[in-house]
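When the chains are written out, they are named A, B, C and D in that same order, and each has its own residue count from 1.
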Amino acid sequence: MDAQTLIAQRIAQELRDGMLVNLGIGIPTLVANFVPKGMHVFFQSENGLIGTGPVADPGMALPWLTDAGGKPVTALPGASTFDSAMSFGLIRGGHLDLTVLGGLQVDQHGRLANWMVPGKMVPGMGGAMDLVAGAKRVIVAMQHTAKGRPKIVRECSLPLTSDRPVDLVVTELAVIGFPHGRATLLETMDGVTVEEVVAATEGDLVISPELSEPTLPKATSKAAAMTSIGEPL
Amino acid sequence: MKTISLQDAAAMIPAGATLMVGGFMGVGTPEPLVDELVRQQKGDLTVIANDTAAPGIGIGKLITAKLLRRVIVSHIGLNPETQKQMLAGDLQVDLVPQGTLAERIRAGGFGLGGILTATGVGTIAAEGKQTVAVDGRDYLLEPALRADFALVHAFIADYLGNLGYVLTARNFNPLMAMAAETVVVQAENIVPVGVIAPDHVMTPAPVVDYLIAKG
Amino acid sequence: MDAQTLIAQRIAQELRDGMLVNLGIGIPTLVANFVPKGMHVFFQSENGLIGTGPVADPGMALPWLTDAGGKPVTALPGASTFDSAMSFGLIRGGHLDLTVLGGLQVDQHGRLANWMVPGKMVPGMGGAMDLVAGAKRVIVAMQHTAKGRPKIVRECSLPLTSDRPVDLVVTELAVIGFPHGRATLLETMDGVTVEEVVAATEGDLVISPELSEPTLPKATSKAAAMTSIGEPL
Amino acid sequence: MKTISLQDAAAMIPAGATLMVGGFMGVGTPEPLVDELVRQQKGDLTVIANDTAAPGIGIGKLITAKLLRRVIVSHIGLNPETQKQMLAGDLQVDLVPQGTLAERIRAGGFGLGGILTATGVGTIAAEGKQTVAVDGRDYLLEPALRADFALVHAFIADYLGNLGYVLTARNFNPLMAMAAETVVVQAENIVPVGVIAPDHVMTPAPVVDYLIAKG
């Protein structure tokens, strides 16, 4: 299984019936492919749609029914549309149960940077700042490292998306949460050792005592006791 | 509400004007009006919009034609030309979080001085902005936005100017229709009065100034 | 012609084609009866309707189509409905061209008190404060005096509705405006003398030099020169 | 969204709760739910609503039954019983300008800390409130409002909880449906999923917690 699929599948296990969910572009979009059977999840597209369906069949696309990237999609029965103020009212007002976003960096307290690389890439924050500030739960889907360098870092060198910590980071190596504001290894992916995760992670990483009971069937438990790796916070 | 030709609608807009332009990645942008602005070479414009679309699409055409002095948008990532002009110093780009942008435009149209949002607190988006505490939580004070003209795309308009939007082409259009001195509408379909049910009117007629007549 | 009809007819002359107008209860409501022929005016009901029509015929009333007093009305072709935030967005955002309201007192600078009598009548301000603060033009329709006492006063003894001055006060005696923040007699009603108006008015009253050219055909012009009656401001 | 019986819906609301109740002079108030609250004698309630209607109508029934401790409303003029209880000191009445009330509720539901409005500046409605200047103009900072429960009246609801309102029965209902921890809906008509067009949904299903099943 490739890294992206692995990450998306694991995140899909966080879905619950009736949730309103917003998926960012890239790996997050793939999460929609792994909704458990029989579960009804509302997917919001921040350009003003709840009930986003798959891409339209050839010849059936409507130019006025698109995803946030402007690509034609379909709408499921029970869909609803609204203006941009309402769309972000849903996001900012605590109605959005979960957002899944890509990440450039996450600091050891869970703060995300994912919207710009000064001097290089300035696409604009789009809806990212609202999503992180407003969603009930924020999950970051990203590769654990980029060009061999950790993306979970002591301190973000890139501009933050929000000062509100994310809830979970899911990579091809591990699932990391931020209880009490401290990066905590909750699960390792199948065949990955704690040491490998620690080596690929910058800053402090607490090892959860519950690591022995991973929620992902294929994930491997590696440590039994709460252990702090690296310098204390 | 008056009807106006496409040509006269664009002619009415002076160089240097501030425009709100509906649309999200070009979806729900009044494309013929954009084309006519390019044809008439209206320059030095400021555009308030969600994004700068992509080259050849919606606001992207204004970018490529170098008609813009400044954009106030949430996203420019899919238009390399915007980035190029920005880096060259030819275009001022003010980036605003999308939800904040929507509310600032709404505030301008709804007579509110501004809004208090937690979005952007603790980030560079907060730089230079007033922070206001309400019930112990910090919010940024984001001031209202207004424009000289709103260029609005509607799916349906009646002879009075009542408007309806379709699916994801709604986006910023109804907000902008409230927030400009002069509101110009390009509608896909123009219908007699009474055809749109009162409950389905999304922008009431009295706020619309001009409806572009079919060519 | 009774006082109320006289006032309503005069105010109706301020209507212009395409205006969005909100009428308060009482005398203001009567203005709708005198819209000039061929003129299209949008009447807003602040409970969420533009295009309010007359009362429904017997047996045709719908309980969910009412005026701001909760009474069943009809809707004209081209009507639109909306929620209360939108309704007051139209009012506060400068989209409402004209509001006509009743008044308890208006001070010599044009500031209106019309929503409460402390210790006696506390109905709540409803939409009055938003209407006066937000409408492009505010006209007060009221009797010139109450129990023999002037309602245009030096200073309101009742709580203000807004610190924004109204544009015009129309009574059964006169039409008074507030150019440069000073109560100014613009017109007298048919058969009314300037002296009568002055006697029934408290505070300073400037006599407009244009009083000789009343806009109401039946109104009588009484003074030709700008004269300030009462103490200087 | 779950379906619930009228009786269970009222039973779920504890004495002392803060309720937002849709309606304007009783029009668009979920009347059966009000009746059931009276039957179950739920007391010590705080109600946020446009008005207290009139005796025998909507919120007026809660007033007459003396179930309310406090109301936050814009108007009480057509309910003499409200005035009587207020003067007797049995009922706290907080009067809020109607447009400000609507925006404060909206702010609560849209995740804004509050709004800046010129309404009430220079009047007793400004007493004790923070004034904020934006571009040289003074505005009152009016904080957001939220409630434990929103009691919403809809004209049409589908099985998922998508809602539509009718004509002037819309008023505060869609705003309140966004602004409470638990949203309970009484709909005149319940229809299968897909019957309401996406563009005609006024409150999207995910914000609705309970839909009262037909008796």
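Worth a mention:
Definition applied: a residue touches a chain if its C-beta (ideal position, glycine included) is under 8 Å from a C-beta of that chain, and two chains touch if they have at least 3 such contacts.
The structure presented is a predicted model; accordingly, all values stated were derived computationally and were not measured.
Counted as hops between touching chains, the shortest connection from chain A to chain D is 1.
Ranking every chain by how far its Cα centroid lies from the centroid of chain B, the top place goes to C. When the C-beta contacts at C-D and at B-C are tallied, the pair with the greater total is C-D. The distance from the centre of chain A to the centre of chain B, each centre being the mean of the chain's C-alpha atoms, comes to 30 Å. We define each chain's centre as the mean of its Cα atoms; on that basis chain B and chain C are separated by 35 Å.
Of all residues in chain A, those touching 2 or more other chains are 49, 75, 81-82, 85, 88-89, 91-92, 134, listed in ascending order.
Residues of chain D in contact with at least two other chains: 103, 106, 110-112, 117-118, 165-167, 170, 198-199. Of all possible chain pairs, those that touch are A-B, A-D, B-C, B-D, C-D.
Across the interface of their complex, chain C is touched by residues 24-28, 50-51, 53-54, 57, 73-78, 83, 86, 93, 95, 97-103, 105-106, 117-125, 155, 165-175, 202 of chain D. Residues of chain C that touch chain B in their complex: 18-20, 42, 49-51, 75, 77-82, 85, 88-95, 97, 134. The touching residues of chain B, when paired with chain C in their complex, are 1, 106, 108-112, 158-160, 162, 178-179, 193-194, 198-199, 201, 204-207. Contact residues of chain A toward chain B in the complex are 45-49, 62-66, 68-70, 75, 81-85, 87-89, 91-92, 121-130, 133-134, 159-164. Residues of chain B that touch chain D in their complex: 103, 107, 110-118, 130, 132, 134-135, 137, 139, 141, 143-144, 164-167, 170, 198-200.
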